[in-house]
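Chains: A, B, C, D and E, in written order; residue numbering restarts at 1 for each.
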Amino acid sequence: MEPHIETVIDRNRMMVSDEIAIRIEDMNKWYGNYHVLRDINLTVKRGERIVVAGPSGSGKSTMIRCINRLEEHQAGRIIVDGIELSSDLKNIDKVRSEVGMVFQHFNLFPHLTILENCTLAPIWVREIPRKEAIDAAMHFLEKVKIPEQAHKYPGQLSGGQQQRVAIARSLCMKPKIMLFDEPTSALHPEMIKEVLDTMIELAEEGMTMLCVTHEMGFAQAVANRVIFMDQGQIVEENNPHDFFNNPQSERTRLFLSQIIRH
Amino acid sequence: MEPHIETVIDRNRMMVSDEIAIRIEDMNKWYGNYHVLRDINLTVKRGERIVVAGPSGSGKSTMIRCINRLEEHQAGRIIVDGIELSSDLKNIDKVRSEVGMVFQHFNLFPHLTILENCTLAPIWVREIPRKEAIDAAMHFLEKVKIPEQAHKYPGQLSGGQQQRVAIARSLCMKPKIMLFDEPTSALHPEMIKEVLDTMIELAEEGMTMLCVTHEMGFAQAVANRVIFMDQGQIVEENNPHDFFNNPQSERTRLFLSQIIRH
Amino acid sequence: MTERNPAFVRGEMLPAREPPAGQTGLLKLLRENFFKDWLSALLTVMSLIVSVWFVCSVFPWLFDSVWNANSLSECRQILAGAEGACFAVIRDRWTQLLFGFYPPEQYWRPVLAFALMIVALAPILFPPVPRGLLRFSVVFPGLAYWLIWGGTLWLPVVVYGGFAVGAVLLRMTGRLGAGPGAGLAIVSALTWWFVAPGPVTTVLEQLLPLSLAPVASREMGGFLLSIVIGVTGISLSLPLGIVLALGRRSKMPLVKTISVVFIEFIRGVPLITLLFTASLLLNYFLPPGTTFDLILRVIIMVTLFATAYMAEVIRGGLAALPRGQYEAAEALGLDYWKAQRLVIMPQALKISIPGIVNSFIGLFKDTTLVVFIGLLDPIALSNSIRATADWQGIYWELFIFIGALFFVFCFGMSRYSMHLERRLKTDHR
Amino acid sequence: GTLDEVKSRGKLNCGVSSGTAGFSAPDAKGVWQGFDVAFCRAVAAAVLGDPMKVEFVPTTGQTRFTALASGEIDVLSRATTWTFSRDTDLKLTFAGTNFYDGQVFLVKKELGVSSAKDLNGATVCIQSGTTTELNLAEYFRINKMTYEPVPVDSSAEGERQYQAGACDVYTSDGSNLASVRASFPNPSDHVLLPEIISKEPLGPIVRQGDEQWADIVHWTESALFAAEELGVTKANVDQLADGSDNPEINRLLGKEGDLGKMLGLDAEWARRAIAAGGNYGEIFATNLGDQTPIRLERGLNALWTKGGLMYAQPFR
Amino acid sequence: MANAITFPTLEPHQAFRLSMLLNDGRYRSYTIQIFVLMCLMLGIAWLVDNTIRNLALLGKDFSFSFLWSTAGYDINQRLIEYDTQMTHGRAALVGLLNTVVLAVLSCALATIIGVVAGVLRLSGNPIVARLTVVYVEVFRNIPLLLWILVFGAIMSEAVPAPNAFKGENATAGMILGAVAITNRGVFIPEPLFTRDLGTLNLGIVEPSLNAIAVLVVVIACVLISRVLVRHANRVQSQTGVRPVIWWKTMTVLAAPPLLLLWALGFHLGYPELRGFNFQGGFQLRNALIAMWLGLGIYTGAFIAENVRAGILAISKGQTEAAHALGLRPGKTMRLVILPQALRVIVPPLISQYLNITKNTSLGLAVGYMDLRSTLGGITINQTGRELEGMLLLMLIYLSLSLIISGSMNAYNARVGLKER
């Protein structure tokens, strides 16, 4: 494994407030009879950056998708930004417009230009005037360093560029929390770095982030906490330093040895 | 940049004859109105190994493809092995059977086994008896170290193995010159080395090679000359040592710095 | 809950638990699937009503059917006023619907030909079947012709001889280059076909008679006719379609234009006008005095029709091949035709098989249109059955029988082509 | 000429309708039966010596003339009306009339219609592509009535539509309608209106320009009429062929003179034609007459001596 | 690049040699094309020569003058004025209009059925999904001709005759007192005007001015409502909030046409049973209905598959991304899913339209008087002009097809996804 991240950012410069951004209590989820998530308990404070790791099928994606209700949980509570997720549609809408999400396969809208991708939700959900939405979008596109691509279509960009657009698109909704689900795993190796750089920049600005990733370099550089999941449960939770250098659980150790060898 | 090549081969052991293998004189090529290749002049002697480098879109592939007339040039001359490439189809056929080419994406024939891939052209172009063609193919497959895969289909092999088959397939035509167009750039990093090793072995046997690649380690280890192209022209031409340590042109310097940082 | 700071390690793993009540069981299944919201509930209820109504209205009629009678009036007597189908007509006429007026004592011939067809198709459609059988696939058309039309076996043999003559000449003239060599081969094969069949066949037949009772194509009807027209149309259109597809992709403007015009013309007019051309106009276009079998004329037009569609299917297959395949073949020194034959076509055809099967289904269904020019396909036979005094007035039973047979054929094939498509998808990954 | 072609082929190609009860339809064994069919068999017997050496080619209203013109069939025996434009413009030769028909209307009794003049506003089923269609249009036009045509493409289809009540009236040739009516479960619920609105002389047709062949077809037909006039039947033809005291019978059956040769056939041609299905009267009776479900009266098709129009040209 | 070594110098311009016609890439393609052209010309010449000789042999000429002779036959469904004394050309025009009407009606029906079935097949409801599968498979795998015959039979066998509506103990009744479904067709109320503005004489057709007036007003209203929508878009892009305009557009769309209709004295003419048949109202003949249902339902099965494929082609990720951005399901559908699905669905949809148009030629089977039955049927049969008639017929069908496929290409060019 090549570490893509050279600079470890100054963790102290980024304050973590005491406010709670996400709180998950005894959350359980089943797919049919299959128990995917078991008694998940997790509290994320505003400004915290959490990396979720774990073997494939351990439920990482499912957990993160429960947070903006792309999946429904069946027991326990999820409270995001003070709003409890239930089947109340109003609450779901509120939560979704506070939480941005970046997917593994970008999921840009191929029939819209980059700029339209970024302004779609602000215009139709936030009901911002088009002019303002465009300005905001251009601002975020500059931030991810591709303002010059604004009028192209997603199909015309490279994978790394697309993923950066996806991040900008989420940012345009000015979310308080960002969820990332393996944002770099569908990318060519040369492009991983440009996406990770963007994410680090975001972290430096104090965004609350919950990030499923196997980029351990990123975890070491950015995370406040690393969460290790297996078989639908949180197995270990630790600060990055201890997590990597002194893992407590047998499973974590096994996982890390595999990851690093690969 | 990781150098994949540890051994620098003994250049003196490989003689460069005085015979001319390829001669390109004032060659120009246009795509529509776009001038891709401008006044290319290049002479390659038998046994020489030349590496072509340059930024994306600089016309490297186009130049190399002109040499076996996969692309047509519009002005100037290309003389390969004493045969001038013109629209005379007989000459083109002759040149093509003297020149082997390896592509970035292998381009093996997926409906044929490895062995059939290797014997197809000898049987149908050179009109060699099948028995002999198979013997020759097995010989070259042994050389690229995959004789045991002979009866599999390309889809069942890894990228590195496929590229080695592609090399063997070219060799089966007993070409006097081999062209390589970024043979390793579509490969996973672990597989690059096995392909480069094969190419080095070929170089050691004195094959005339023209190789577009960004593997600077390979260039340093094997090449007699490195050619740097930009905007459709040859900008610099030098021996590898000077090329890397003491580049003459500003553009080369810039390119090398990018390549090495990335 | 507890604040876990800074570190948390789970001691022992939680076991999987059952989902809470209301999350499983029949009730949930019903609620989630059938009554999720009012729309879904409405649809469920409506579907149930439609199904029940259909079953109630059709099943009594079907179950109360009469199989043993010699005419419709006899059926009516047996039913004595009750609602019921009179499938006796099928019992009476099913051989006619299947074979037309093919001589009954010869039925084994088309049946055998059909069975052999499945054997011949096997190596193409089912990869596990040994490739050696492909040789049989090549021989099959001649064999089938002989079985179905009868006459001497030597005729197809001599016709195959034409290919052999062409192939030998192609070998011998290889030095001349591909163009003239192929030209010479084609000319010699054509000459053979024009000159040889008559005398050579007679001589061979005298030496070793191998004859079946000849059957005129006029005697063929029903599904036999549909299958003959459909299968011949598709198999003849395959080589022509390949040529046309290559023509359409050609860089030569004239060749390309001709191909495009032909394809678009054929695809732009209804099949029925082509059939009318076969029956009304073809005689105008041929030298005065030539007449030949209507079925042959129909097969010619149907082949032209299928060729246009086939060309588009194969063009799709060609387009799906990456450019690299062409370039690799070129770089190895293969010329255009060798590259096509050895590298491009085998792959393009394999990709196109589902499309070809679908074209065949379409064509097979379209063979019913020959009823308009007086050929006795199943629908035409159903008309003439209804014209006899015994079965005047019968209707649904015949349609159900014909429809069911078509359904079985086409559904089977379409399932198979879907299966192929899926397999292709995984093959490619 | 056509004669040589037929002889060398060994089969007569005869165009018939693909299904008209009583006139032509294949039975369960695929053997064609009917009035038109019997006529073709007679020609085949005369020319080739075997009534079974006929290839029946089903034609539709649309394809029939083309099939003849292109040489696909040698004779068209498909209840085709002899009209001026067909004879001249379509370049056909009518070899004589073997069935005199006329267009009539079939209606349900419950409608209470007794004359075609009461049909104003009625819905009429009609086979498209036939002369019937034109006659119908003209009749309603002359009588200043309107109607709603429902075109159908076969007799069976027209009959079904009529029975289902999709049209009030079914119009077609009288013979056809009589057979249709006869096949109904209760024929007495339907009436044929008295008006005959057209003349429909039906008969076999050959290509224009081959006089010999036209003569053969015409005289075969005539031979069948003559046989009825002279009392030659299927049963007694062999016996009479050995010689009789009527010279015309002798000429007809080849005992005297060489009429056959003049036609390009052998002497026994007429004998075979008669032996194939009997004389005209017998053919009529077996296919259309009282013993059949069609139960057609001879009417105009009786011999001229019995008040009909059938009249054989002298064999002399 | 100076090089001391001697090198075989070749003449820069080779003289032309005959063998270059075959061996030189530049000339060979000309050689081949000229060869192909010659073959083609020879083939065409052969066909034309045969045709001329055959025509001479039959004593026929090649002329389209038959189009101007009296047709003499009747056509029951006519959109423009026609009677038996008019010409064959006129009859062909009537047939062409019938073809077009049938094609348009069938395309609409097939689209509706196809979209509904395609969507239902994807619905989570297993009964409904199963039923749609049955529908799709049954219709796709049985020949269209059989379906047309079946619908023809249903329309004449399973539906009451007009006299079932008659008398005290009528066994059938009209739906809402306005629509009568009989085995001679479906009778629906027709629009009538008490104030007739007369007709406009355009030579071939004489459309009623009332209809034109209504049409003009409706088009104008649609244009105005488009302006309203555009205004709403502008407001939205300036302020972010989209004004509620549905009631305005409804008013604009509905009020003026209604007013005009009232002014013209619009009322409905109901069908009434008189004499043999229903009179008044608008008659949709059985043949039309059988063809319409047959074509519509049969093709609907194919369209359903296209629709399903189109929706499935839009990955679940698109919906999830839209949801994650906070878009509600309705807006997700309108802004994200539909625009993408349409790109996938429309091209095969248009080729189904092409099929429908070509398949209208099966009208013969149930006696529908379309172009093929008039020009390609009775006219050819009566005049014996099969060569001219068939050529004309093919040309007309070809033009219809080209128009349709042209619109498909235009659509593809407009919406094609941009790729790298």
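As a working rule, a contact is a pair of C-beta atoms (placed from the backbone, for glycine too) under 8 Å apart; a residue touches a chain by one contact, two chains touch by 3 or more.
Not measured: the values here are computed from a predicted model.
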Steps needed, at minimum, to go from subunit A to subunit D via contacts: 2
Number of steps on the shortest touching-chain route linking subunit B and subunit C: 1
Relative to subunit D, chain with the most remote C-alpha centre: A
Most centrally placed chain - per-chain CA mean versus overall CA mean: C
Fitted rotation between subunit A and its twin subunit B in degrees, CA, nearest 5: 155
By number of C-beta contact pairs, the top two chains: C-E
Centre distance in Å when subunit B and subunit D are each reduced to the mean of their C-alpha atoms: 84
For subunit A paired with subunit C, centre-to-centre distance based on mean C-alpha positions, whole Å: 53
Whole-Å gap separating subunit C and subunit E, where each centre is the average of the chain's CA atoms: 27
Intercentroid distance (Cα basis), subunit D paired with subunit C, Å: 41
Per-residue multi-chain contacts in subunit D, two or more chains: 62, 66, 69, 157, 160
Multi-chain contact residues (two or more partners), subunit E: 23, 28, 153, 157, 364-365, 380, 386
Subunit B: positions in contact with at least two other chains: none
Complex contact set, residues of subunit E against subunit D: 58-60, 72-76, 84, 153, 155-157, 161-163, 183-184, 274-277, 279, 285-287, 364-365, 367, 369, 373, 377-378, 380-384, 386
Complex contact set, residues of subunit A against subunit C: 25-26, 28, 30, 32-35, 38-39, 41, 43, 74-75, 225, 230-239, 242, 248-249
Residue numbers on subunit A that touch subunit E, as the complex places them: 68, 70, 93, 96-97, 99-101, 103, 105, 107-111, 120-121, 123-133, 152-153, 155-158, 169-170, 173
Residues of subunit C defined as touching subunit B within the complex: 322, 324-325, 327-335, 338, 342-343, 346-347, 350, 427
Residues of subunit E defined as touching subunit B within the complex: 1, 3, 5, 7-8, 10, 12, 14, 20, 23-28
